[in-house]
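Below, subunit A partners subunit B and then partners subunit C, in two separate complexes.
Our next item is the complex of A and B:
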């Protein structure tokens, strides 16, 4: 109980610090990067529920992210749908796709599952490139309207920051509630031993499908804000490399906690920015850091930060 | 018919890359995402030896295979062995090999620059006609070399001590250790052979595709697809999967639409995975419980 109270205090302090960021950081570029990191966090939080908790590794999350972006942007551009209903549409379409990919994915595990998700991500990207009448092909969409929520217009980086922060808090909160609930425990049970869960009467297929749909919904919501935030978008933003980047954020942070998603995303986005000074060596250093992290911090950065939690998990593993 | 003929050399390349994935997967249980970049390294080294050092095609071919094999061993020793010793979860191994891919790719960018290079083929690329069909000598060279390498691999796996050790470890790692097989050595051998197969694919494909620092991503992914279609870890399956994918792409690109070619490839892949999760050619999935 006491530690829970402590946790709450930390959480409140962290939120207060986060909320005051736009007042401290006046550089618009940095704020832009922070906003992007926030959007990526939302994707990674969803990815952790799928890959970390349920053990279904996805290397196609850029696909769900893309669907969120395009559905929201196209419904705004072509049909004049405001941002908030557009986001709901984006979430619904992304989780519908999550359902579709879950059908073959239910029967797959390990490398086969990874490949199926890679295939899904690539199909989405290639359809976006080739379905020119609707998606405008490789040129992409321009002039995606800014969000207008019940008369509040979001225009500046600072305003976007708060919108993204609210979405992230909502998302992380939902993810935490899910993870601590019966659903989350069932996800973990499926990850640890699918056969045993099945034998205990857990409807494994239904839970796996749910994990895919929930995870895709997070990416869809993130995509919706991403489109409105950038104003322009093209299929180049949703490549295999982007899916890989999401997975890296998840694993570097610690894929088995919700907090790990945030930590990993912030760490890798800041790393990318810090390494700009190295120019040509940037990605070489990035790759090496990735390797060193997964060798020496198998539970991710969050594993180091929340030691107690990790010990429990490593005991469960062995 | 012409599409089938065009698909064969591409299929041979995919088959070589698929073999390299399958070999590592079956022998050390690692899904190595840096295989595609070994293809790229092979192509660049071949280009360097031939165009800059003025060596012939044969020596360049062998030299770059050897050098890339050394890179493969280094990756295994420096990265995968520590991971294995620490009992890292599979997802960490995947990320580590992706890290290797990112690093290799950008080292190549630094060394060879961003411009695409074209390797001079040792044979002409003017098509020769056989009846209605046409095929270039370069395509024939690809097919011949690929088949030669596949036979060499089979020989190595069946007849040599190292190859037998590999197969023993693939079948039952624990039993192999009890029988006195040095698994560290066999893992290294698997990485060396795989990397050199990738390098060979790289040099063979270099005269028809441009050599760029990020060519490995596309070829690597296709090779992995081929390996899974054939049944990951099943050597004849990898060869069959490679040719199947090459023919499929050639037919889909020629008959339906070149823009949607890869969409068709991936859609068929997902449907295949759904209907036959163990690959086209393997009857049952070997599930480790």
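Our next item is the complex of A and C:
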């Protein structure tokens, strides 16, 4: 109970610190990077539920992200759908695709599943490039309208910051609730031993499907804000590299916690910014960090940060 | 935790089960019945097909021929996830726990089909979700205390010694509230004290009305505690009966000869 209280205090302090960021950081460019990181966080939080918790590694999350972006942007551009309902459409479409990709996932395991998700990401990108009448092809979409939520227009970086923060809090909250529930426990059991889970009565296929759909929904929501935030978008934003980057953020932060997704994303986005000059080598840098993470801190940065805490706990109950 | 005693004289029936792996007949037309409320031993030398039999019963491997009936109804093959709802739970010869989870979480998974999954309440942090969790936790703790591991609930399960992990698997199976429990070499890797403890637990479970199918190599575990013993060798049933009758059966003695007559004589 005591640690729960401490947790709440940390959480409140963290939120307060986060909410005051736009006042501290007046440089618009930095704020822009932070906003992007926030959007990516939403993707990796969802990715963690799928890959970290359920053990279904996806290297195609840029595909779900793209679907969210395009569905929301196109419904705004072509049909005049406002951002909020557009986001709901984006979430629904992405999770529908999550459902579709879950079908082969039930039959495939390990590296075969990874390949299937890579294929999915590529198919989405190819559709975006080639379905020119709708997606405008490689040129992409321009003039994606700014969000207007019940009359509140989101225009500046600062306003976007708060919108993204609200989305992230909501997303992380949902993820935490799921992770700490029977559902999260069952996800982990599937990751640890699928057959034993089945033997204990877990409908594994249904849970895997749910994990794909939930995870895709997060990416869809992130995509919707991403389009509106950027104003323009094109298939180049949703490549295999981006999928790999999401997975790196997840693993580096610690894929088995919700907080790890946030830590990893912020860490890697900051690093990418610091190494702007080496942009072309981004994936090499990510790869190196990934290897170091896997070898030296399998629980990720978050695991490292909370290590002391858990050690105290395990000492206390032994 | 007490399943109603069954009126049938047979709770589970293995009917003409065969299973080939390539040219190897791992199970060859095996039939027998398990009576409710009994401890039914299944013994046989290495590679006799004991584990394969459990895998067939639990739908993890489809049989080449034959069927298994639970309370008179055929168990559909290759659908292990419906087993617990039929009243069957099992443990594994090569322990299959959810390694990174706590002991308690492992056992709570055993509760899966008995607890609700109120999605809305989970998302809203509502009372139904909390109550469901509390009930599942209580039930799991009961199973854990039964195997004397109540104080290990918050440990990561892989940190437990081997013998205790076997007991966690038993607790997980019990949490599924089965009528029939299939135990695949539950005493393997246990020291004599742990074995004695396990045997005591099995006799309590029997008193409580559970039906137990028990595979074991350890003759001491099997001989003293089983009402009926089925002996398999090279996939065939070679003998069946009480400890005494099986023990002196010439085919059984011969089957175990490869491993040394002493092992049988010892028991």
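Note that the second predicted complex is superposed on the first by the 293 of 318 C-alpha atoms of A that agree within 3 Å, B and C clash if a C-alpha of one lies under 4 Å from a C-alpha of the other, contacts with A are read in each partner's own complex, and residues count from 1 in each chain.
Rule of thumb we're sticking to: a contact is a pair of C-beta atoms (placed from the backbone, for glycine too) under 8 Å apart; a residue touches a chain by one contact, two chains touch by 3 or more.
Fair warning: this is a prediction, and the values are worked out from it, not measured in the lab.
By the touch criterion stated above, A:174 is placed in contact with subunit C alone, subunit B being left untouched.
In the superposition on chain A, contact is made by A:204 with subunit C only, not with subunit B. Applying the stated contact rule after C-alpha superposition, one finds that A:270 touches neither subunit B nor subunit C. In the superposed three-chain model, the partner touching more residues of subunit A is B, compared with the other of subunit B and subunit C. Look at A:127: by the touch rule set out above, it reaches subunit B but stays clear of subunit C. Of the two partner chains placed by the overlay, only subunit B lies in contact with A:114; subunit C stays clear of it. Of the two partner chains placed around the shared chain by superposition, subunit C is the only one that A:182 touches, whereas subunit B remains out of contact.
When the two complexes are overlaid on their common chain A, residue A:20 makes contact with neither subunit B nor subunit C.
Once the two complexes are laid over each other on the shared chain, residue contacts for A:295 go to subunit B alone; subunit C is not touched. In the superposition on chain A, A:155 makes contact with neither subunit B nor subunit C. On subunit A, the surface patch touched by subunit B in one complex and by subunit C in the other comprises residues 195, 317. Residues 174, 177-178, 181-183, 185-186, 188-189, 192-193, 195-204, 256, 314, 317-318 of subunit A are the ones touching subunit C in the complex.
Of all residues in subunit A, only 51, 57, 101, 103-104, 107-108, 110-112, 114-116, 118-120, 122-123, 126-127, 129-130, 195, 240-241, 244, 247-248, 251-252, 255, 280-284, 286-291, 294-295, 298, 317 touch subunit B in the complex they form. Every residue of subunit B that touches subunit A in the complex is listed here, in rising order: 25, 31, 79, 82-83, 86-96, 98-107, 109-110, 217, 221, 224-225, 228, 232, 257, 259-260, 262-263, 266-267, 269-271, 273-274, 277, 289.
If you check the complex, the residues on subunit C that touch subunit A are 58, 60, 80-85, 89-90, 92, 96-101, 105-106, 108-110, 112-113, 115, 117, 119, 122-123, 125, 129, 132-133, 136, 154-155, 172, 176.
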